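Consider the two complexes below, in which chain A is the common component and chain B and chain C are the respective partners.
Right, the complex of A and B next:
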């Protein structure tokens, strides 16, 4: 019940109100849509969404197969870590690093490609740059879900196939692929719906320019509602949010349907490659992939710990020389108020999410109120822009803007929806014999007394993932906060580390050291947490507690 | 571990979590209650102040006002620092009944934060800052200040006219809704170590036959000659730096600085209106055949020649595709001594490394004008501390306070600084240059229509950037495309 009340108040009601707002001020809406190139924005959204979801799924799938095909378990784990590293970096830090990696002859990426210009500055190449960064950030989670699913294929199937003389490539493409088809489709659909509401990456890298070439619907909601000089712009922004919600409904409903299905038909591909050649290809593929995924992170640390003059040379200096910690220390000092807000919000809102979602997910797994699951998955797959304007108005009206409470009240929504899904998957694995035994012995509060203690691994893993998600959050803090924590009581000011990192792009000129140091400060705490949670997931469903599919 | 122990641990954990949640809810409720109590409006005894337009002293007595706190909201930067470190302590000392709370946010977030607060009808801010470009957003939410006791005649006139007044269609009157806060001007800054060097002066004169003194330059061709001289003689790596960044919309203020010369010197377009067509600005002239909006000057010879000149200026600095010059990086770049000077906002002087800025002097743009970049403070119509807010504004613009500012808005303060021989000569000369430039500070887009329709700026900046970066090479074609987009947007807006 608490869960249901919460998602009604913070999810369904704001979602419906968005449409109501959009219906008001129709003349303003018409004006906004005459002034903004709405068809270009919708086209950008689809290009960005399809490219990101297809590429991230494909590369994630190939990475999962490649790593699973390695016989050495320790090596598997190490390479899996390396593939997951971008997941540990908040989007704002990632965008910071890529923005300096693209800097013409001074950026390592453009230098390696022989580009003498920053691709984000040209309307013909800006979208490719934004898609590249988005794919970079999406590959890890695609890999993680598909890899977990591959790991859950019974070992005997693989052993028998290989003993029967099948090549590894045949096993993966003919047998394993159809078995994990549901995971692949889920990954694609999740990637699709999340990319549909894309905001962070285009906002940070290009602001939607040049000339709207990277403006997506998600970004348009923010730009029109909160950055436009047009009066009554909230109606125009609400309308963009409504369009986005309608478009997102179709993949969201498909996603819910696929989630409920036992299996999803997936083609079996007849690919037969000699094992040695396959492992050779695996080595080359993983080498390129790991370089692509991890070099930007290495460069982030490199730039953070040296003088800015060394960042502004051509060819770029890629080895650690001239090390200094002064910029890191300066960024650390300046980040303290933001860090405090982030810690408070990132610890409290996931706890609330778990407390709301766990009992609800248990009930759903036992067949009660099962309709809440598809409703929750639908809400989860909608972009946050579909809710934010009414939430903003509500928070403003109760004078909680720019406070921790604004974030603590609103941010558990996505956490609770995500936790419901994860915990539901876990509880469905839990043998019903526990319930039967509890009933037999007349144990009251069996959820608290039996299920919760048994679920400790899953709860802990879910909590870690939610903390990471809250740490990374940008859009909600950007809309609901104005200033950093002011060390007063009652606490005022709630800007988080993701906004602190954002300030570095706006305010720092060619001092890339300070910019990179801000990115490191923002990323470092959650990198450690992410590594712990990734280990738990990679170790397997029971000991890690997480089952995605 | 025994089952009993496990159960008790689980129960304790759960109990702890529940206690934490209860505490959080309790604190949240208390905070809401506490912050709502602070919003109890204070009724004030009507002020009996009489105002004298020539007076430089504030005349309202704060003892007539009950103890209260006014909130000033602005973006972070030099102006906020001046308020925080200087003005507010002085004001609170003089008026102990009134406390001033300053809230700042980064520039990139300020306008959206203020806009949404207004749209929500919030009374959390008493005084807000706005720029001439954002005036259109703010005016409807500000109180008229015509009878506030502020000495307007002492304020820099040109800058004040660029956003301080709002034509209220309901009353049919021009209302003063903002008081000048910052008087930044886009001017020419030059390195006196180079320009006062007699050998360099002589070499330049021998080659180009006019003086190297920027004060004497009458057009942009002379600036280009100076660029060519410094670069070809390897005196500096680049010419005068000028902003050319697209992502920060820096082109939006750099281009009009060049454009204005061509506008002013084309009587067909300007028609003698030095500050542009009223309500529309310098990019418009005459009357459009549709009758709904004027003709657009961008694709006339004025706009095209300005674009060509702007590109030539940009050719003497790093390519905008590799290192765009922007408001953010210009101070650092100037400090690297790679150019003879720059076109910059005078308020940026404090951001330039001191070992270089101590040699920098100012001059008006070639032709003797400047581009204004004023900021204003207005009183929110939702404010519950109007009289106290008016008192603060009176105090802020008084000469005795303005003399302490690096960007004063009071003419008397300027004159006092210029005549103070204890201030280093070059600094006084900068103030003098700013005061002179302010008298012909018309080269701005101002509060005209382009600032009201956000996409117009996008089309202009992106179109110009495509030309600067050789994505399009025909300047007439570029301006025709921009003009057509503007026409489409204006037709939509006025339909």
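Right, the complex of A and C next:
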């Protein structure tokens, strides 16, 4: 089975090799120990991970309840959509925007809070800033999973509770939440495993500083392996990666176990609030939340389409005046080589992922080799740092560093693991009698002829999610590429748009227009795909369908 | 013998679903497997289809042992409860699937769709058809390969009442015309009575009785069959008052109300099909009989028993 061979070669083998590398270079490990405050880095990782996953789950949960409690369906959809908006912005763009939002008296966020300094520049507050941005980016997906689970609670249960004289708050905290306990736990665990391997946010916002105050393990793997001048840098990085892999294994195993569980107990809380007061709270909460979530996006467009002089004012100008598209056009022109690489890679690698994963997920859903599923989910929930160093060495050995091939070979790993899960869920819902009919009538090639065409909508949704994921990727391109595409043949140079946006960080103190315009250029194409994807998922949640966790 | 089944056994994990089934079905026969859910009737059908592997026993179709053959090699076809037409293919394409690659596939589709009155729907998608029409398409797809045996799993249960009656007649006429050996699974005894040449009543993985509908109705082998078959079913009461120390079963038509030397109390009266179904409390249990006029609940009445069966 090609899927299995692929995940062995790019998942299991590199994972094991990481540990070998970490073991080989004892001396370099000691060196790393001396140069890097490893305990502080581990502590940072935990603070960052726990704060992000707890806050994102909690706010996502409250948002889901708040929106579900609104009676008007159209209004529900609109607000859900607004809560989902940050999901459409690649993390690189988002972090860029936040870096200028924190810019002391000129940044809108710090200005509104009355801060005269940039919190990212002080070791005492930098972590809080990084966590804030990380939570901002994690709320939408937490919200989406919990919201669609709430929608899957049968309507009769809600109606029955309200007819029994329960208040809305009682329905949610006593009945609905215990019913969807599994989804809530999954959201938390997923948030946890993803923030453990977080790289983008601290890397862009602070680069791990000041000093090591925001360096997490994921970031340390990168800086030790690829940015230090140590002789045995790679095995030192592998050491950090191995620590990360070991730490990540526990929540990853719990995650796999919870996915398989039928139900997860969840405490039933006795919260009785008058319906009118509750709706008032809902309005206030959603108002603040939507402002927090969506204002940065508005600000990104605002800053991208005006000149830099308008950015450095106190108080900051927050209304659209002095609009010009010249910075956007400049950024667009400069982005072209990056854009080409991104389009190539984020179209080809999702297609490879789906080709690998869909036959495998079909077989697993029909009871064959079903142990591959938990194995895949385990690999999926490990941070990419656990694999990257051996992959880097391998790609370097076959002389493909800094080419499209490097990304096309590597990126389908997470895509295929994720697609396996999504398609597996879809295929298990597909009635078995479709297979039986095919068997009975001796239909040949039933997978290609029957199952694939039947799953067109699911395949399309999966493809969209994978393209979005590939477009957002920063870590893998950063490690495996060095220069932008040089328009030669065979193609050489493969830096992606997310790296292009990253390069704009140099402009943070000079030209915010260009920086924001780069963020917009990076975000715009994928925003459209994300909007389609979100609409599909939200509509799916209403028809009680899509299971995408 | 078209289908013969010998000491068939089947279990899922540790539960035995089929506990030694023996069955002989004649060529051209309309054979109904009747039982409540959990009786094993659907599992038996799926074993004959080859969709389930059996633990032991033999399935022989037209003299060939098919026990270990793939479903498509057995010469059987099946109509599923929810028809299972592929939603992404037109009616024509659905009919083509079983005969794809055969030379006269086009002609076969032509013939069968005319025979089943679905010729005008060939270009439509299944979702554009009514339940009854979908079922005809499923039947056509099942018949297009000229199967030796046609299997049907509760094919009427997804239709609403008026459609069900006409579909029932349609299936019966088709079966008689084509003389195709048919095994039909249902939990509805009225459906079984209306369609079957012979019925096998199943319970807990065993066949309790095989016979013509009349035989099963008039001579149930035990209490269960007696109280399962008939609407209303047989009344089962203690035979003590007749000096029989077993239970006896009495059909509703064999209770004569207003005449006889037994006395009971009317507990309920229902108006059914122009007659009154009277529930009579007698000797601590209940009997049912028809009467031509309404009687008041609580009244004492005389009645007699024409015929009964001892279990």
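Just so we're on the same page, the second predicted complex is superposed on the first by the 539 of 549 C-alpha atoms of A that agree within 3 Å, B and C clash if a C-alpha of one lies under 4 Å from a C-alpha of the other, contacts with A are read in each partner's own complex, and residues count from 1 in each chain.
Here is the rule we use: a residue touches a chain if its C-beta (ideal position, glycine included) is under 8 Å from a C-beta of that chain, and two chains touch if they have at least 3 such contacts.
Given the structure is predicted, the values throughout are model-derived calculations rather than measurements.
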First (chain B), second (chain C), both or neither touched by A:178: neither
Partner chain(s) touched by A:443 [first = chain B, second = chain C, both, neither]: second
First, second, both or neither for A:116, with chain B first and chain C second: first
First (chain B), second (chain C), both or neither touched by A:431: second
First, second, both or neither for A:453, with chain B first and chain C second: both
Most chain A residues touched (candidates chain B, chain C): B
Common ground on chain A, meaning residues reached by chain C in one complex and by chain B in the other: 453
Chain A-facing residues of chain B, complex: 6-7, 10-11, 14, 17, 20-21, 24, 27-28, 30-32, 34-36, 39, 103-109, 111-113, 115-117, 119-120, 122, 124, 134, 136-137, 140, 246-247, 319-324, 326, 328-333, 451-455, 458-459, 462, 465-466, 469, 471, 489, 492-493, 495
Residue ranges of chain C in contact with chain A within the complex: 49-51, 70-73, 76-78, 80, 82, 84, 86-89, 97-98, 100, 141, 145
Complex contact set, residues of chain A against chain C: 431, 433-434, 436-444, 450, 453-454, 456
Chain B-touching residues of chain A, taken from the complex the two chains share: 31, 34-36, 103-106, 116-118, 120-124, 206-207, 209-212, 225-234, 348, 351-352, 355, 392-393, 396-401, 403, 405, 408-409, 448-449, 452-453, 478, 482-483, 490-491, 502-503, 506-511
